[in-house]
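To keep things simple, chains are lettered A, B, C and D as they appear, and every chain counts its residues starting from 1.
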Amino acid sequence: MPGLNRNQMAWRAAQDIADGSVVNLGIGIPVLASDHLPAGRDVFFQSENGVIGVGPAAAADRIEPDLVDAGSRKITLRPGGCVIDSVWAFAMIRGGHIDVTILGGFEVAANGDFANWDSRIPNKGPLVGGAMDLAACARATWVIMEHNTRKGGPRLLAACTLPLTAMRCVSRVYTDIAVVDVTEAGFVARELVPDVSADDLRARTGAPIALAPDCRPLAAPALPA
Amino acid sequence: MAIDKRVATAAAAMEDVGDGATVFITGFGGAGFANVLIRALCECGPRDLTLVVNSATHPASLTHELIAAGLVRKVIASAGRGRDPGLSVFETLLRDGKIEFECVPQGTFAERIRAGGAGIPAFFTPVGFGTDLTRGKETRQLAGRDCVLETAITGDLALVRADLADRYGNLVFKYAQMNFGPAMATAAKLTVAEVREARDEAIPPERVQVPGVFVDRVLAVGA
Amino acid sequence: MPGLNRNQMAWRAAQDIADGSVVNLGIGIPVLASDHLPAGRDVFFQSENGVIGVGPAAAADRIEPDLVDAGSRKITLRPGGCVIDSVWAFAMIRGGHIDVTILGGFEVAANGDFANWDSRIPNKGPLVGGAMDLAACARATWVIMEHNTRKGGPRLLAACTLPLTAMRCVSRVYTDIAVVDVTEAGFVARELVPDVSADDLRARTGAPIALAPDCRPLAAPALPA
Amino acid sequence: MAIDKRVATAAAAMEDVGDGATVFITGFGGAGFANVLIRALCECGPRDLTLVVNSATHPASLTHELIAAGLVRKVIASAGRGRDPGLSVFETLLRDGKIEFECVPQGTFAERIRAGGAGIPAFFTPVGFGTDLTRGKETRQLAGRDCVLETAITGDLALVRADLADRYGNLVFKYAQMNFGPAMATAAKLTVAEVREARDEAIPPERVQVPGVFVDRVLAVGA
């Protein structure tokens, strides 16, 4: 199947992170975006465990056991970074001080509804973490996810089927085949991989999707999967 | 009497903890777990506990030992899912209806504890509106957003991990160890801290992250 | 008129401050109490501007301009003290972490209602400060005030006549002639200066006041007014 | 572009402040007044301001200059009484009905600002229940106490005094200078700090009291 791999999706999202912004990256593919920020953009990555200014992963011989992000990764702190407590970290999130959060997802609806926390695995306990806070309150919520499920079903839908994370919160989705804006008028593809036709895109999307008049080819540099 | 909150043993740190207590436990993202105190609480053996902890199943926390020992009636947390494909002790008990679970969005979880310590009995938040986790809660539109009413959490005991303490109970954390420490320390009737080092001399005022007035007992446990 | 002077009233209140407690002292007479704490009692005085562990006034040559209390006094910090921000300072107050606040007052009612913020001075602007927070939320609210107004009227009343600071909050009043508990049954004098008779006390009090069975003489060491 | 929030002049610090703005100003108990910025705002001259400041009349603050200059429509504060027996400029305007005043218990004042920065649109508090200052507010009994509903305060501009800053906008306060600084910095759209010294090198993480992400501009003004 043609399309972007995980690192390429993260790369594509990273290109849209504005210089000087404050960004929270979700666990999984989103957190890879920090490796692909265009040169010259000075960004503070926040992690919901209180780290402001998450830097690259710590080298094996420079690990500080208590310097971790919300995903338990051993990290470094960028110059000018600091650590706040969880109350303040979420006050920062809920108070609209995160310019963009980029999250992994299961489903996005045409009205921006978002499902990423409960995939209904039998008997496994619930796990919400900070997903609802981030999705509901960041100034912009972007989602990185495969365009389709493993069984081929759509993840971009007229209405979510899984339990919601937050209502009307997603403004942009980066999939392996398209960059899709969530607009007042529903889904609009801004970029599409060259091997996928508009008809293919529509067939693989669970709600009406328009192509932007200036829809461009979605391309990313070669990156390891 | 000159204030000195340092205790010599984990058993002394857990004195007077009774059945039915609501217990806060710090720790998130691999940092700040009060594992010496959790084990001491296990040995102390109070029953029917309600745990207020970010995750019921984080492998780096010994919370699961309290649960496995059958001491826990209910868990309030933002995470209750084990990492393995199989079921954790907590998930097995949950499936079998032998433990209660209240799943709370993490920011609401933090804010409810902070509210408990700050004398705010309830607050409105937009987080969780329209989701399964706030079903049945009072809602209201405020400042143009749909919100839900959330209530404070207070507790009987807080187990807090920090890096440094002094005799006055002042605490200093190392990096992300801080997480829920300040909030939980303020929301419990009895706050016990385990620290790498507990000094006799006072921590310089500009380094204090939790004032000692919120901390009742300090146990030095080393690194 | 027989009775205690300002420092003696503060001294008397200070005798009741328990070892190891956290105490907030109001502006005026109450703040004098810290000078009269019995030897051997280790207490943290909180000021609502965020200072925890207010120490003695700073010597003229050791003044730190930014180390002040809520009354703008240049102070010192006791060992183990620190400074928090106003949000946390009032979270501490409202959250019940102050064992005792001792406040100046205008009126106390027999049900514990308290008036100390608005004496209705014509045209002067309102000033509430932290009085309502302290009175409503400290674990115990004690009041130091003259038993009577300058015109001789009572300050201990059946019901307050001035705007309330908080309802049903005062548990003890230290006046120049008596120590009075506010109980379920109303005012009960625990101590009375020897020169004032029970009848005098009743005449000078604006609500029924009982003498405790073990009512003792109120006495204080000689102190400058 | 490498982040650098330091500005060279007070005028640059006040750029883009418009009429009708809601302005937070720090300072309490004789510490933490952002007087250089207050004067710069005076010179900038926006009208119909709403000031959110602990005291409308504290002599150590230049807030009264903004009021005397006729730039202020309303003050939200816990204190509006001058120390002198005569009337302050503010009190004269208040008597003559030429300025609005909202008197708020200081803890509620702090909490409402904190709520504004923390995305909490409203909260219940026991403070002020049954008093003139909460007349007409919604009430509710919660956790056995009568409470009133209070709403968040957000603003357009915060003028914050601190001791040290770095190029990233991180702030460090000296002692009681902190007071409303952290809360106000989070509740305003544009936060400007005046500091004794603004360094190029980063402040060590454990010394930061307001993270730079909450601060937009920094002006070094000396002691």
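Quick notes on this structure:
FYI, a contact is a pair of C-beta atoms (placed from the backbone, for glycine too) under 8 Å apart; a residue touches a chain by one contact, two chains touch by 3 or more.
Only a predicted model underlies this, so the values are computations on that prediction, with no experimental measurement involved.
Between chain B and chain D, the least number of touch steps comes to 1. Taking each chain's centre as the mean of its C-alpha atoms, the one that lies farthest from the centre of chain A is C.
Averaging Cα coordinates per chain places chain B and chain C 35 Å apart. Here the spacing of chain A and chain B, counted between their Cα centres, is 29 Å. Measuring from the averaged C-alpha position of chain A to that of chain C gives a distance of 56 Å. The set of chain B residues touching two or more other chains comprises 111, 114, 118-120, 125-126, 175, 205-206.
Touching two or more other chains at once are residues 77, 83-84, 90-91, 93-94, 137 of chain A. Listed by chain label, the pairs that touch are A-B, A-D, B-C, B-D, C-D.
Of all residues in chain B, only 1-3, 114, 116-120, 166-168, 170, 186-187, 202-203, 205-206, 208, 211-214 touch chain C in the complex they form.
By the touch rule above, chain D contacts chain B in their complex via residues 111, 115, 118-126, 140, 142-143, 145, 147, 151-152, 172, 175, 205-207. Considering their complex, residues 28-32, 54, 56-57, 60, 78-82, 87-88, 90-91, 94-95, 101, 103-108, 110-111, 113-114, 125-133, 146, 163, 173-183, 209 of chain B touch chain A. Against chain D, in their complex, chain A makes its touches with residues 19-20, 22, 40-42, 44, 46, 52, 77, 79-84, 90-97, 137.
Within the complex formed with chain D, the residues of chain C that make contact are 47-51, 64-72, 77, 83-87, 89-91, 93-94, 118, 123-133, 136-137, 163-167.
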